[in-house]
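What follows is a group of structures, each given as structure tokens.
Both complexes shown next keep subunit A, but they swap its partner, so subunit B is in the first and subunit C is in the second.
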Partner chain A sequence: MVGPLLKGLKITFSHLFKPAFTVKYPYEKIEVAPRWRGKHVLRVDEEGREKCCYCGLCEAVCPANAIRIYGEEAPLEKSDVGKIAVIYEIDYRRCIFCGYCEEACPRGAIELTTFYELAEPEREKLLQTKETLLEKR
Partner chain B sequence: MVMWIAVTVVKLLIYFAILMLFVAYGTLAERKVAGHIQDRLGPYHCGPHGVLQPLADGLKLFFKEDIVASEADKFLYFLAPALAVVPPLLVLGIIPIGESITIAGKTIPLPIANINVAVLYFLGVTSLSVYAIMLGGWSGNSKYPLLGGLRSAAQFISYELVLGLSIIGVVMLVGSFNLVDIVKYQKDMWLFIKQPVAFVAYMVAAIAELNRAPFDLPEAESELVGGYHTEYSSMKFALFFLGEYANMVVSSAIATALFLGGWYAPCSFLSFIPGPVWFLLKTFALFFFMLWIRWTYPRLRYDQLMGMCWKYLIPITLFNILGTGLVVILKAGGV
Partner chain C sequence: MSTVKVTIDGITVEVSPDATILQAAAKAGVDIPYFCYHPFLKPAGLCRMCLVEVEGMPKLAPACVTQVRDGMVVKTNTERVKKAREGIIEFQLLHHPLDCPICDQAGECYLQDITFRYGKATSRFADEKELYPTKFYGPLIVHEQSRCILCKRCVRFSTEVAGGTEWNVYWRAAHSIIGAYDTDTVANYFTANLVEICPVGAITSRLYRYKTRIWKLDFTRSVCDHCEIGCSLDLGVRENQLFKIKHNIMDPTPWLCDKGYYAFDYVNHAERILFPLKRNEKKMVSVSSEDVSDQIAKALEGYKEGEVALIVSPHIVLEDAAAVKSFADALKAKVDYRVYGEDYLPLKTGVSDISDVEGSKNILILCGDVAVSHPVLALSVLKAKFSGANVAVISANDTYLGERSNVFALVPASKEEAIAKDLLEGRLNDALKQALSESELETLRSMLQSEDLMVILGVRASSALRSLAYKISSDKGWKLLALDRGSNPKGLFAMGLYSDGVGGILKGVVDGKVKALLVFGVDLFETYPDAALVKEALSSVEFLVVGDLFFHETAAYADYFLPLVSFAEDSGTVVNLFWSKRRRRRAMEPKGESTSLRKWLASIADRLGVNVTTEVEGLDLSSVEVKLTEGKVEQVDGKFVAVVEPPFYRSAKYAGWCSNFSEASAEPKVVLSIEDAKALGVKEGDKVVVENSRGRFEFRVKLREGQPASSVVLDCGYDRFPVNLLLTGSWKVAVDLKKA
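The block that comes next holds the complex of A and B.
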């Protein structure tokens, strides 16, 4: 009866000196997989024009109704097909990071990045507009 | 006379400060040991390696909302947390941390009260702490704390017997209830070599009395929410915690005096280190042992707990008393 008890003590004592698995999160970060589904980005083409042509497929496919999109006609220097999304909002209070918007997009205009630190002190700030979503060139 | 009172007050303050420091860093040690045993780090953020964590915890508990259960028996509800802290502080008075020191030509005895019934006083005072748990469980007027309190009462009464019986072996060998005499008796050989059974029984009973895992049925989280302190919050909750850790420290200190040679160094060539340092080191070793036990063993079932006490520990300690008595009589020259 005493033998197993001592064995248990030995095991826990040996673990006292083993290196910890803890990642000290705010100071250290784990590298996420390249396919990680994090914050969205709206891509632009080589000439700096937005790829999005306001087809509305992402809004239609979004199962959480997190995307609001509204578009208008635009000159060719702003869009190669003559249409552009004037309003593009993603509500991160609703988004479930399923990635359907990326799958549905015919022009590769919206992609999910590996950025995952989306916490905000105010809920309103989670409603993100084109200003923060658009790819910076 | 005035001098004597002043010295005693100073000693009280110093010992109280040591105990509180021990308790504060005991909580940190608990979390650090738990963390490292589970291959984690434990508290890490406050100060280097989390050394300021106890201060942060204390501050947090002070500023938390103090909720009083509306159906509670107010008087007992407020009395119980205070009762939890008082017994270990009372025991503090008899702990023989060293023999005496000489300051400015005057010899000052180090124990606050060198009384000749110290062991009985210890047993009597520590058994008071069951009231804190029972009243705390009862007064909240809620079912889980009540169950925790009742379990605690049964557990406490059973293990109090083992605690007393295990100490009797020591008392028989030394022939005194005075803790200073008991420590002096161990100058050449520590008593846990002569009384190994009593030492093990004492440690088991002490852990059971402190409601520590694997005997923490009064606060079994998985079945009783928080146990007896479910209805407490803020500083009242902290007092229960303080009481538990202070009790751990005090029990370890008494075990050090009874079995581990008190302030004496383990080998004579190490005796240049002052006695109180040895005493605190040994106390901390036993304290660590309690943490180690907690993070190793799973919780016992309630009937196993009671069975272990009445079926095994009490007969074993009784036989230990018989054997010790035989040896004492034979050594004294036979019947």
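The block that comes next holds the complex of A and C.
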């Protein structure tokens, strides 16, 4: 009866002297792989112009239907091709982080970053708009 | 008729001997790719995409222009054809910018689809692509020469169908440019078709430019709301917003006009009123749907028989009309739809299809600008003309069809009706003789002798002229087509929604006989040709309910405002020009608390304890009887006599709320004869004052050759420019002109 109990305690106590598996989140953060698929970012080019020209491919390929875009004519200071997305929304209530949007994008405008802290106290805040997605320079 | 047998890829089909290989292949179910071929344009053989192998022919043959012959064996799936197709696509893509991500055509682009299906993934072209700047032709179309593959579909449409020359190919060979030379605007009423038939994204709509992608739209087939021809339209909706209109079916013709294609954005307009309003002192405050019905019903209960009247727009559907009729009958109220001050009722004539117009040998058009009021009908008249018919246009204001017809006389506005009356009776009026050359008069005489004559009476023709034309045409065996304003006037007439005219109702209000007025779907200040009477009536009426999409000038007098739905948000039946029923489908959900007229009436009637019906199945159009109305042939005298008409780009329903569409005619103009301009000392582009005892307006001068002296044309339909103030119940009026 006592044998198995001691065996278990031995494992428990041996772990006291080994390095910990867990990290003290949020004071410490885990390293993620460089190809980790976290929060999206809408890239801008060297001159600060938006890369996205609303071709609609990310919206079309999205299996979870999480992306919603509307386009608009734009001056050349805002876009090198004269077309930008006026509304760009990603709904993180739906997103499954498959990364198809990044793969479909012909201009490298949308990328998935390694940022993974997406939890929000309210569900509505999971709807990210262009304001929060656009890369800041 | 004899047929020939053709074998295409092993499938043998029988076709008529004048068919082409492409048509035979369509019958056999074999797919041959093409760019320049269009089923309703003459074949051109330009793009070489449809090359096929024909047994016995040494070279590959273009399927769209090669006629079939008996026993012909065609192969479309050989190595040679495959190689040729790949080569052609490589050529087409040499200078194509491949900017599909920003192109609005992506998703419905022939070049995209055909490249994907038949092309190679790579190109051997290593040099720099030739690029051209984007050109905006007016507020409606955008032209990107870089994307053009020079199929000339648009040019062929403009010359073969619309009968114009300004849209054409300039420069030569590889440097060819499509477009209009030396102008920045193309406003020929049919630019919509250029956008529709362009197989690539070279010509796109400016209204839809970059807004959304075609695969995000859900299309619902409905019927156009702008005139009584009722073309089939596909309404493209995304998230309850109407974004695009397409015309994918030959119904009634393969073509569409600019009104149907561009004048739809009022549906999404931010100024639309989406909640019921009620008057509180000088302000309008919002009120719930239940309360508004309660309060209107309560107010209406206080009125006796004959003290209530209804005015409805000629655009409402039959279901609404049935509800209005039963509501009016229950209240013993007068009702009328003739908001343009017409004294005539629709005439049921023998013309039962648009192909009757296309097949006519002689067409006489009187008193009206058909290309403005019924644009697609004008294309059918032109089709008849191009197949050899004589077309005569005798009118005070018609330039589109007039310029393209055999006989064209611009007649003085004051004598327009008298000349038309004489002409129908077989006499040529002196004023007409002055305006026409000897050969034209000869043609006109021979037309009047002919039995195969179609008379088209425009919207300006008075009741007297209509009655006369009806009698004479039934005596002589002519065909008659009498045009009305609105998109469903024939249906409303069949429903019996008429009494003694809108003028009669308004006069009744002024006299105090009518105390409560319900106006639905119309701004009387814009439509009724006597703004002073409208103002007097609306300010003296005790109780006014207005229902519409927008808070316009009529609504400003209202005690209650009911938000109605647009044609895209409602289903229903309309009766077209040829007296057949057409079905409109709902493409989107009603916005806000707006709802259809029949539902508002039902909820008010419910509280009044009466029943309204929306039953229209029982309406038998074949038993509609012709009601000839009495009236005098109109005669207006004065130093200058003006015809007041909206220009094309202001003539659509709710044109003031269609931003791009109405921009195409930005400023109200007065059309003057050259003699009058000299006498007044004004040039083209100057300003003149047009006035009479009722009002005074400034217009910009436009000179027109052939315009008779002392006859002018005034534009109406502009915001905050109520030209109707000058009028006294008719669209023709005596005015005085001065240099500004």
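The definition used in the following text is that the second predicted complex is superposed on the first by the 119 of 137 C-alpha atoms of A that agree within 3 Å, B and C clash if a C-alpha of one lies under 4 Å from a C-alpha of the other, contacts with A are read in each partner's own complex, and residues count from 1 in each chain.
By our rule, contacts are C-beta pairs under 8 Å (C-beta built on N, C-alpha and C of every residue); 3 or more make two chains touch, one makes a residue touch a chain.
Given the structure is predicted, the values throughout are model-derived calculations rather than measurements.
Look at A:V41: by the touch rule set out above, it reaches neither subunit B nor subunit C. In the superposition on chain A, contact of A:L112 is made with neither subunit B nor subunit C. Of the two partner chains placed by superposition, only subunit B is touched by A:F13; subunit C is not. Applying the stated contact rule after C-alpha superposition, one finds that A:E73 touches subunit C and leaves subunit B untouched.
In the superposition on chain A, A:F21 contacts subunit B only, with no contact to subunit C. In the superposition on chain A, contact is made by A:L5 with subunit B only, not with subunit C.
Of all residues in subunit A, only 53-57, 59-60, 70-73, 81-83, 106-107 touch subunit C in the complex they form.
Against subunit A, the residues of subunit C that register as touching in their complex are 99-102, 106, 209-213, 215-216. Within the complex formed with subunit A, the subunit B residues making contact are 33, 35-41, 44, 292-293, 295-297. Those residues of subunit A whose C-beta lies close enough to touch subunit B in the complex are 5, 8-9, 11-13, 15-22, 24.
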